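Next come two complexes, and both contain chain A; in the first it sits with chain B, in the second with chain C.
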Partner chain A sequence: MAGKAVIARAKTTVVSGGTGARRSLYWQYMVEPFLYLSPMILLIGSVMLIPLIVGISYSFQSIELLNPFATGWVGFENYEKLWSDRKFWIALENTFFWTFWSIFFQFFLGLGLAMLLNTQFFGKKLFQALVFLPWAVPTFLSALTWAWLFNPVIGPIPHWLAALGVLSEPYNILGDPDLAIWGPITANIWFGVPFFAITLLAALQSIPGELYEAAEIDGATPWQSFTKITLPFLAPMIAITVMLRTIWIANFADLIFVMTGGGPANSTQILSTYIFTTAFRKLDFGYASTIAVALLIILLAYAVILLWMRKRLVKI
Partner chain B sequence: MGSVARSSSRHPALAFGKYAAIAFYLGFALFPLYWLMKIAITPDALIFSEGTRMLPSAVTFENFATVLFETEFLAYFRNSLTVSLGTAFFTTLIAAGAGYAFSRFVFAGKRIIIAVMLITQMFPLLMIIAPIYKIVADLGLLNSLTSLIVVYTAFNIPFATFLMQSFFDGIPKDLEEAAMMDGCSRFQALRTVVFPLTLPGLGATLGFVFTAAWSELLFALMLISKNDAMTFPVGLLTFVSKFSVDWGQMMAAGVLALVPSCLFFIFIQRYLVQGLTSGAVKG
Partner chain C sequence: MKKFLTGITTAAMLMGSAAYAETTLKLVEVITSPERTKVLQGIVDGYEAANPDVTVEIISLPWGQAFEKLATMVAGGDIPDVVEMPDTWQALYAGSGQLASLTDHVADWEHGATLTDKTIAMGSQAGDLYMIPYGFYLRAMFYNKALLAEAGVEPPETMADFMAASAAVSELDGKSGYCLRGGPGGTNGWVMMAAAMNGTNDFFTEDGKSRMNEPGSVEGIQFMLDLYQKGYAPKDAVSWGFNEIVAGFYSGTCAFLDQDPDALIAISERMPAEDFAVIPMPVGPSGKAFPTIGFAGWSIFKATEHEDKAFDLVAALSAPEANGTWAKRVGVIPVHKGADQDPYFQTEQFEGWFKELNGAQYEPTTMPTYLEKWGYFASTVVLETSQEALLGQRSAQDLADEWAEFLTDEHAKWQAKQ
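Moving on to the complex of A and B:
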């Protein structure tokens, strides 16, 4: 079908331009699209792909800006250091915790919001603009706002939690190693629900309405229409969105960096904040790149497993 | 869609649940913003004593005045505006071209290019933070807004391209083909026929990229260290450590930082849903 389209367009050009069919096929297949694409290819290549390769090569080198004479190739030395680095393993565990709970709540709240927005109610347009607003709030500002809300002096959350009996007294949750990670997770949920809602809403709107009408005539309960129609239709979208968001959240350092800086006692240190502090506090680019490569490998493995599962389980 | 609404309004419990859910989402989304605003307009003397009161007992705009006229706020604001507008402009321009090519052409290497773009969405941007720092430093471009614009443009291009592609997919091919049959060149057809129809898509992409650039922190933190070149997030963070007791001023600066991105966002969010929907229907 794609081939036909090319031929059809080639014919069009012959009619209008009067050039030979062969030349215009070549023009349309090899040259013209690249006229439109070249700025993108150039920029992505030079700003993302080349630094990516350079970054991987850094992981096999010693590059410490504070110690410029210790520069050179060191083989797998950085990786051996990584293996015995307790902070790395703590950060890895925190990365799983942070990513899983962020995604879990973002997804279920986002799905609820999307289903709500897929119905009719008074003031829906205004409602949509307002509940999507957190997405527009600059990340560093979300982080500061939530840090303020968690502050026992000027924020209400510790007082609410104390009133509910969750905390013995209103103290600073962000300073408690056992609970601190929930601060950035809450901020992340707040910030990320609109994104899930928007993509799931788009998928919901693509489900033909007749399916629901037919199900209703056959006497299906709302729960049955949800599990038998809505979920199967959403499954492909869910798989791809969850995958992209997981990778994105695992990489997402800003909230934690601003709210807790990885502390207290590394209890909120995830791999991406560890990479950033290693690079820009210790100026140890070689080791920072090694942690980054480890994160990259974990994320790639995750993506491959999820894509494989999607192929096996989702039959659309 | 309509049938879902009708069936849910038939059950009183579901209708009640629906309004409870609406209230819940509104409260969750808006409360932090309310709190930000509340502290910004609370007089300094009351911020601590009334820390957890829902409504302040007095209101002042002094914090806004101080932030605007007695700090470097306006310089940060201008730098961020330059960077965000520059990034939004170049990203949209480049992504429109690339999105058009993906939408309309079958060409050699298309799958590979799309795969590479997907991979750029997957790898940790922190992976390239050290190399980019070294490259920018070696070129002598640290502390320049230009280097930030170039880096942000590259980061935003993949998503912006997919977004633009889905908008172009929603515009029938026949339109420009008809124009070309009538003797227009492709460029003329694009300008006169396709471009006007693409305006909502261009607007959505511009707004999306603008907000992304407006809030980027880590790369700005790394590439900018001079006060007069700081963008908003970096400036405000140093602000926080400089004035760490002055909550009121910080909140006021925060409210002001919200204004541009929220204005943009309210304008574009409709088109974003539309763009993603047309993409979802096709894909």
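Moving on to the complex of A and C:
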């Protein structure tokens, strides 16, 4: 026993030359920063990581509030159920449709508004305030308002659409399974345009004016200025806002829940509304967590792809 | 200092008056709104004036969390004396021996004899009265007089008449027959139609099988699908909830609406009284109709130390005059015989409900709320699947089979626990 101790001691003395410096490096780079960061790490861990891990662990368990005694680990049973769940696939398809068209219109209308607000015209300040107004309205209220606007008894939209020949007669598109999803999408566009307008306007205002002057002197057309100066400068902001908004909209259940409740016949059911009904109507938290994990994986994959594209395409 | 002294004196006086009131009764109300609490407070003030030795403390629980809150209060030993009891909790509290029997109290009560038979039946469980209902939320059929006259049809009495009248109204330009509730809260409609065509409102057979997919019930479900698919209901009614059907009715878009008296409050504000009336639900081939009924009432907890005083309070709340005031403000059908003689209830608007309550061919249906997943079934399963059927994606039989399977399973689970 004593012999072993001697050997060990002998080993440490062999490397002792560099230990002091290495320990201080180790201390300086590996321990000390984390020591300072520890309150934040603890905070982030307790408010984000732990719930995330608990949430994911729920997806491998049976947790039904109405059967409190039948809880327990079930392995991949919930995931197998998910694979053969018709409603999940409908909701997934709707999620893509809802997110794509909401983002598409929000982005292009937002960009147009930002470019417009970046010019000088009479009454700009009032116009600017009006543009940002939807952002200040609670989503619940805007959902209710839009739901009524689409109601032919009270709202004008069906009558306008019928007059324009889009609808054969003034009826509520929220009750038509083929068109219902366009109701919440319209409300979402109205609600989300200011976000893009604000962020893109800020990015536009940061582009140095000399660049445009130089381009003008060189004889560039407005389209060339737009594609060669404006777009490259906006690109980093576009990438990050589109990514954030996509994740946000894919998770955004309020409008759909208030306007259509996922109906009629699941035609507007997206994954996040499906998670909500599974958790709080069916009271099956295990299965709801499984759907939530599926959504999380899809969004993570999307974020990775977009960040990769941003790195490859955006040079600045 | 002066203010402080005044405060002390006031506090002392208040304590003195509290000491004078020997008894404090705790009353918990669970279906609340500021307006409603004001009416309740008014009735309670009258009781306190007549009983100076009693103070009543009203505790209002918001309906959304009322079930959990009351259960926690009771489990924690903070048991109220008098409680507002919705029909859906009655089985739970009476069954677990928490409630005082009111049978003897009511027998001695001067107004006990005027309570209608249905009131006593609804408040009773296993032969004992545990609640004095304060009113009924009963379904009846509103109809638009002008639209019916224009279409040249009479108010319907049977399901066949109802279909024919709906068809006739739908012939009119831009009008529909029935304000169908295809969206949230539509379950009652499906249950009533299925029961009317099947001739019974029993949810299960003796061996615990759901009656939902019996041929009669399927016919009832098909009846609703026909109303919609033949265009006798507005196209977007597939997603209509309470607000939409009521708006559809008062705006004159559709001629028939089955609803509780609480819809009357919104409708009578926007529609002249002479333009509409209320008739009983149409009867099916068996000559019977089964309007769904919901109710709530006043119960006394067995743990109370002042049972007699507590009953005096319940009696004050349930006395014909107080009950009449309550029913008018809350939108329910009152519980005493002869209440239909009140001029307020003697209108055409209330006729339908009183006919239903007094007619032998109308059997009120209570939902099987004792099933654990009933809430999920009614709010989600029926909603989604019935919309699929209304939109022609599945058949009535298919729908009925899925519902029956769900209910039979739930019933078996419930029975296993008994």
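In this section, the second predicted complex is superposed on the first by the 268 of 316 C-alpha atoms of A that agree within 3 Å, B and C clash if a C-alpha of one lies under 4 Å from a C-alpha of the other, contacts with A are read in each partner's own complex, and residues count from 1 in each chain.
The working rule: a contact is a pair of C-beta atoms (placed from the backbone, for glycine too) under 8 Å apart; a residue touches a chain by one contact, two chains touch by 3 or more.
Note that the structure is a prediction, hence the values are computed from the model and not measured.
Engineer: Spot which of chain B and chain C makes contact with more residues of chain A, would you?
Structural biologist: In the superposed model, B touches more residues of chain A.
Engineer: Looking at the overlay, what does A:175 touch: chain B (first), chain C (second), both, or neither?
Structural biologist: The second partner, chain C, only.
Engineer: Quick one: classify A:261 as touching chain B (first), chain C (second), both or neither.
Structural biologist: Once the two structures are laid over each other on A, A:261 reaches chain C alone.
Engineer: Considering only touches as defined above, state whether A:36 meets chain B (first), chain C (second), both or neither.
Structural biologist: So A:36 only meets chain B here.
Engineer: Under the stated touch criterion, which partner chain does A:153 make contact with: chain B (first), chain C (second), both, or neither?
Structural biologist: A:153 contacts both chain B and chain C.
Engineer: Which partner does A:251 reach: the first (chain B), the second (chain C), both, or neither?
Structural biologist: In the superposed model, A:251 contacts chain B only, not chain C.
Engineer: Determine, under the contact definition given at the top, whether A:293 touches first (chain B), second (chain C), both, or neither.
Structural biologist: In the superposition, A:293 touches chain B alone.
Engineer: Examine A:97 and indicate which partner it touches, taking first as chain B and second as chain C; both and neither are also allowed.
Structural biologist: Touch status of A:97: no partner.
Engineer: Which chain A residues come up in both lists, the one for chain B and the one for chain C?
Structural biologist: 153-154
Engineer: Which bits of chain A are touching chain B when the two form their complex?
Structural biologist: Touching chain B from chain A are residues 2-3, 5-6, 9, 12-13, 15-16, 28-30, 32-34, 36-37, 39-41, 43-44, 46-52, 54-55, 58, 63, 109, 112-113, 116, 118-121, 127-142, 144-146, 148-149, 153-156, 159, 190, 193-194, 198-199, 201-206, 209, 212-213, 216, 222, 225, 237, 244, 247-248, 250-251, 253-254, 257-258, 272, 275-276, 279-280, 285, 288-289, 292-293, 295-296, 299-300, 303.
Engineer: Which residues of chain B touch chain A in the complex?
Structural biologist: Its residues touching chain A are 1-5, 7-8, 11, 14, 18-19, 21-22, 25-26, 28-30, 32-33, 35-36, 39, 47-48, 51-52, 54, 93-95, 97-98, 100-101, 105-108, 110, 113, 116-117, 120-135, 150-151, 153-155, 157-158, 161, 177, 180-181, 183, 186, 211, 214-215, 217-218, 221-222, 232-233, 236-237, 240, 247, 250-251, 254, 257-258, 261-262, 264-266, 269, 272-273, 276-277, 279-281.
Engineer: So in the complex, the part of chain A that touches chain C is made up of which residues?
Structural biologist: Touching chain C: residues 66, 151-154, 171-177, 180, 260-266, 277, 281-283 of chain A.
Engineer: Residues of chain C touching chain A in their complex?
Structural biologist: Within the complex, chain C contacts chain A at residues 182-184, 234-240, 244, 247-248, 251, 253, 372-373, 375-376, 379-380, 383-384, 387-388, 390-391, 393.
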